[in-house]
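Each chain gets a letter, A, B, C, D, E, F, G and H, in the order it is written, and its residues are counted from 1.
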């Protein structure tokens, strides 16, 4: 199933959760925030929220900036 | 009949026109513009436009300004 | 005998020394420097130097200044 | 006979006058001033003043300057 | 000389020889105003639109009798307006007053203490007026983005402040004026802030297309002489900008050649 | 107008309509120099005194053929001198060259890097020259005490720098120029530092009696146009100073009356 | 001393000993950033919110591991946003990222050349964010009316620019900053423009409540030493403002008494 | 940090941690003077030499009881002297008073209105004093040639003015200070002109070795707090100069990376 993560197309299995995606991307131990289809997805819902075909996911972190 | 001209109440006769008002105010030879109830009243209509009770008239001129 | 001290005329006894003058003026415990007739008089000579008629003495101290 | 003109050594004949030198240098029609051995030589004396061995002559003009 | 090298100022299709625009406020009398106008060489003069005083003596001449629309370009301005709506009404009154005259100076202020322009109200008034067919010369802050937006809205000239109205503080922030100039395709005219001649010269040396002032002339000790000073200041700054200034150097450079010294 | 309210510049008994003095250095050619001189309106022009090149082609015209002492006041200057003695010799050469002409510009510099004036050598040269009957216009730093002393020595004009020669940095320290002006009884002319028109205007607005410049005109992109700009800049600054500028205000002051607004 | 005479900075109910806020951009590495942060004494540090690089090595520490939200107040900012909508999304991401942290720096820019703030977009984003429960520290131009409106919208601090981001030009227009301060009831913090220590001191001497900077420290030859300089500069300017400076005089006033001189 | 990268100030073989020198004039009382001295961190303090008042109460402590030569370097200065001869006599009195102490501040003024230094008298006094074995720290104008000559005469520090004594106008002409610094091999200390903290910071950012001030502290609303501000201002300016400031840019440069934005 096709989704878009941070602007890049990604092929993921059915029924995978956002938490699963984060693990898969090896972002597990980092401090990140997730937007699903332009809405914030609270951390609490990461492991219940199942991804769907064509979902648009943004995963961000804090970096150096002025 | 009561109208308001430049913020002041004025008692005028029935059926008087804007042109009549301008004469009455002795502004005939001056260069002025007229607003009737917040709408511009073109000079061409000054002598056809009849004033009504409670009309609000603004008569302005050009003066020194920066 | 007449001398001038810091611009003021002063009547002093014969044979009085600069040290004597300093005592007399009650400047003994202060930190001062002395000019005798426009020449520095070293502290070491205060008690040997005898004053003469018309000597001009300047006695200065350090005060607040920029 | 050797003289120095504007810092350069010059061989000139005996008895030549400053005026002669000016002619020789083809400066006749220009507006110049002359110093002979660090003293101004008035224009009036150019044709009477005879040059001597080792004379130091400066000939100047006005040029563009700030 | 500069005829050859400079193009005259163009605003709304009109061509003007003078790059100085003056106001008609704060003069001792019409006579002084007229003399200053002549001394300044200005071809455009701003006026305010105000209620006639009922019962005023009609014998006394009015401003437009002394400074006639035939001789000069009258630039009605919306000074005194604090909302877009007031400014738009004022412009319509002006157009009616001047027989369809389309050129106006838009100025919407934020408060009476600072007289600083209210850029949001100014933007909305500009949009309305342009749609309504006016040629809008707009007074604004020195914010380069707002200036650009006003140009994009269709204003015929953008007029950033040098300093607050009537302050006489000169061009407080030349950097912003420079930024505005770099992006502009309409005339940029510094409006407000000029206090003395050199302020006007500096504005023109930055590359501005003109300068608008009122208080600097009207409140000078001798307004007519100051008007003459301002005419020369604007011309001088323009010519200097076109001529191109020498480079700045921390260090000196002699004007007289070194060789040829005889000592 | 300013004819009525201003007195013309007087130096050594001579009266001048123009308050701008220009140099003759750094121009492309005599032709450009002459055109710039005309555009500037200057009546006084400085020249340098240098050795003739032996064997130079005498057909080529010399500076004084192009800019004639009949038309203009030639001001020989001692540029390039680093001691009082060199400066004095140069002035005497100049006097001889110009048939007894007494007016000179004294300038004694300290080093070739900064071209900063050497005030001690300048003071001693000034004393000698005045005793020797010269009318001395003296270039100096902006030190107010030295300026006053040069006046007391009998110099006919004192010419403090605005900034180092050829730097184009403008009037670096207006406070010192102000101090000099407050005590002066001879003309004070800012010499050196002017880079563009507004610098000259500012000098005149401080109350100076004139401005002397060379590089700002000669090294402009278009020297002749810049010369015209400078003429207007000096006149403009002078008129502004005589007219009297408006007061500065941190805060605004409206140019249009508040009453009579109809909204 | 100043503990007695000054109140500490308060933003959104939090109290801060330091009035200096620094950014975390442009440092050679986290290590240098952390050392500079310590040397600066700052308690608030801005961060940007960006996409994680997919497939980046997770071993490398992230900024928040090195500068922990426990030790410092992290101030996420919306740098890089050119519309209100982008800025609002960014703030929501930041809040989620930082577990409900409400304090944000709002910055909406107009274009990538000047990085000048877009005041209309900034106003609309501020309204949305305040309604949405954020504590908004807002970056804006030095327009005093816009600054006041942002305060009225409920921003907890207003942060006018001294000069464009990364320009290092200092406080270009102190008059506008003064106007902003006179009407403000929330902290006014100069953000952007500081290039060296004295710029920060000047900002504080105007009466600002703090200074925010990034480039001036990160791009200094020695960022850590400059961070120390900035700490002292901000403290020094604050103390000078509270102490109250001496009056300016055109003229001198001796520091040593005249009487008692013995010559 | 700056311990590593900076060398301490050295004057006449003595090393000083602080680069701030303060005066002892114009304080409310010795107590305030002493507190300000402590807050400033200064190690050198200037004093004036004056006649004792005959018949003054000897119980009252004198300055040197409160600020002891054991704790601080006392710098007698010749303030109030208007000729070289007066200055030389004053220094000799000071040396006798302080048991052979050789360090003095030479200051010869031109008039009591401007308190501007008389450079010719200063030069002659400096020559005499150096020959007489004094270590001369000399107050002078910002004339770079005079400054260099004073160094060549053997002065141990050259102290150009930033602005007239007691004026508080700051560094009026940074260009001259820069010229002085470029040629100097002895410490250059700005003396006079500082009005507030940023003035001192700016002096140090120019590369000066120290700052000397009196009025700015003594006439501040709160002299002791201002003394603390000055300590930080001098340190801050020094650190900024050593760290090396960022380049100035007319244009902006973002502090946050552009890539990784998610909108």
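In the analysis below, contacts are C-beta pairs under 8 Å (C-beta built on N, C-alpha and C of every residue); 3 or more make two chains touch, one makes a residue touch a chain.
Being a predicted model, the structure only gives us computed values, none of them experimental.
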Chain pair showing more contacts of the two, B-E and E-F: E-F
Chain at maximum distance from chain B, centres defined as averaged CA atoms: C
Centre-of-Cα separation between chain F and chain B, whole angstrom: 63
Chain B and chain H, separation of their C-alpha mean positions in angstrom: 74
Sites on chain G at which at least two other chains make contact: 23, 25-26, 48-51, 77, 79-80, 89, 93, 114, 116, 164-166, 169, 175, 214-215, 250, 254-257, 260, 262
For chain C, residues that touch 2 or more chains besides their own: 6-7, 35, 58, 60, 63-66
Residues of chain E defined as touching chain B within the complex: 23-27, 30, 33, 46-52, 54-55, 58, 62-64, 74, 76-77, 79-80, 89, 92-94, 96-99, 165-166, 214-215
Touching residues on chain C, where the partner in the complex is chain G: 6-7, 35, 58, 60, 63-66
Contact footprint of chain F on chain E as seen in their complex: 1-2, 5, 23, 25-26, 39, 48-51, 53, 77, 79-81, 85-86, 89-90, 93, 112-116, 164-169, 195-198, 201-202, 205, 214-216, 218-226, 228-233, 235-240, 242-263
Chain E residues touching chain H - in the complex, by the definition given at the top: 175, 178, 250
Interface residues, chain H side, partner chain A - complex: 254-257, 260, 262
